[in-house]
Amino acid sequence: MDNQAKLEFKSLPANVAFARVTVAAFASQLDFTLNDIEEIKVAVSEAVANAIIHGYDNQPDGIVTIVMTISNGTLELVVGDRGKGIANVKKALEPSSSTDPERMGLGFVFMQSFMDSLHVESAPGKGTTVTMSKSVGSSGKKEQLEH
Amino acid sequence: MDCEYRQGTLFVRPRGELDIGVTDVFRKVLEENLAKNSVNHLVFNLSQVSFIDSSGLGVILGRYKRLQQQGGRVSLVGVQPQVRRILVLSGLLTVMPEYASEEEAAARAG
Amino acid sequence: MDNQAKLEFKSLPANVAFARVTVAAFASQLDFTLNDIEEIKVAVSEAVANAIIHGYDNQPDGIVTIVMTISNGTLELVVGDRGKGIANVKKALEPSSSTDPERMGLGFVFMQSFMDSLHVESAPGKGTTVTMSKSVGSSGKKEQLEH
Amino acid sequence: MDCEYRQGTLFVRPRGELDIGVTDVFRKVLEENLAKNSVNHLVFNLSQVSFIDSSGLGVILGRYKRLQQQGGRVSLVGVQPQVRRILVLSGLLTVMPEYASEEEAAARAG
């Protein structure tokens, strides 16, 4: 069954947990394992935390959007903000490339590790859009390939 | 957040989900407790932590760096499976020893 | 802490449970009791089920929206559809006034019983908007008044 | 959904949340079981039902009306607190007897 939903919320730290629960509830319409759902929750936390901390510099009046789509056993998530944007996306995607000394620079690494695909589009001053997808059964396949 | 200081060791027992909704408080409580006690061993008891992301990890890593500069150490106790994967992926488990209980961590304080 | 979020989803029966979990997660940012949260879940189920069954006649391509606002200890929910609308709102609000023989006509009764306020606006052919609110501590007060 | 027929009594054991996401299947399974067995007593064991709204109630009420026309009866077992409030508010608990267990419901079948 194909499905689609969109969530919009203020850039408040408390909404990271809210976004996580919402996406997990939507994802549970597919036959993901509990482990898959935990991974999706981490990826959502990272993308939403980035929108709030980096995109909106912790200002609470920004709007973060998440478009969730289920199609053919795949969950696609598009997390968007209209914040400050990223000048060099390629560099931002590298591990430990945080622009904030108090942070680890692992957000994109986690999104990449826990989802099947990650795509980032950004324009300075305009905002950032993070597109991630994960298919049912893909974790098993991934692990098999690695062995 | 529950903190207990005993003979140079600070035991910290956070609960719930460690994301940016709680990291400010988490960091503040840790800094206060590290300031008022002479800590050479910081033990994070994560048995009640059901979720952590890179923001939560950042707070742990930040205290690790601080303790290391002062010649102290940081240990982990009670790591749950979903939290363990994040710790492994981040490399934190390779720099911080993990113990089965607070007692064991305290005993190995060296 | 004031907060606001908006959820939009397709008019699929499976999304009633999804909407319920999402609103409950948002509501949990206030100090509601578990009982309050259960009541909010019933009210959301009724409003969303009505939008799907009555508003969109069970067609899956409609869009249901829920605007959630937290302000001064009060949760406000606005559930909207762009479906067929209600010709006589006053009559629809009466108990057992279902237009469907297979249904009980208790949806609005439950919304009214479980929330502090209920307001319905509708225009035939345009859609329906259900506005409900509930304040922290109101259930206790209500019961006290009744005794 | 789990159904069991024994000597004129049909035991039905739904699980989870009874809203419009599941009412079509719930109604269909009930109709099929009522069609293939000679049922004079329908027992809903709701001990595994954590949520019900007016759509879920409607399915129970619909089967109640059907059984009543045929001179049969409907009983409830294992009603959880949050479900009970809905049953009370709807008036369903005043027309259907509630028992502590399936055995007790069966024994009182009359």
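Just so it is clear, A, B, C and D label the chains in written order, and each chain counts residues from 1 on its own.
Just so we're on the same page, a contact is a pair of C-beta atoms (placed from the backbone, for glycine too) under 8 Å apart; a residue touches a chain by one contact, two chains touch by 3 or more.
Only a predicted model underlies this, so the values are computations on that prediction, with no experimental measurement involved.
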Which contact partners do chain A and chain B have in common?
none
For chain A and chain D, what's the span in angstrom between their mean Cα positions?
43
With chain centres defined as C-alpha means, what is the inter-centre distance between chain A and chain C in Å?
29
Geometric centre distance via CA averages, chain D-chain C, whole Å:
26
Name the residues of chain A that each touch 2 or more other chains.
14, 17
What parts of chain B, by residue number, touch at least two of the other chains?
none
What pairs of chains are touching here?
A-B, A-C, C-D
How about chain C: which of its residues touch chain D in the complex?
13-14, 16-17, 20, 35, 38, 41-42, 45-46, 49, 52-53, 102-104, 106-107, 109-110, 113
Chain C residues touching chain A in their complex are 1, 3-10, 12, 14-15, 17-18, 21-22, 25-26, 29
Any idea which chain B residues touch chain A in the complex?
17, 19-21, 24, 51, 53-55, 57-58, 61-62, 82, 85-86, 89-90
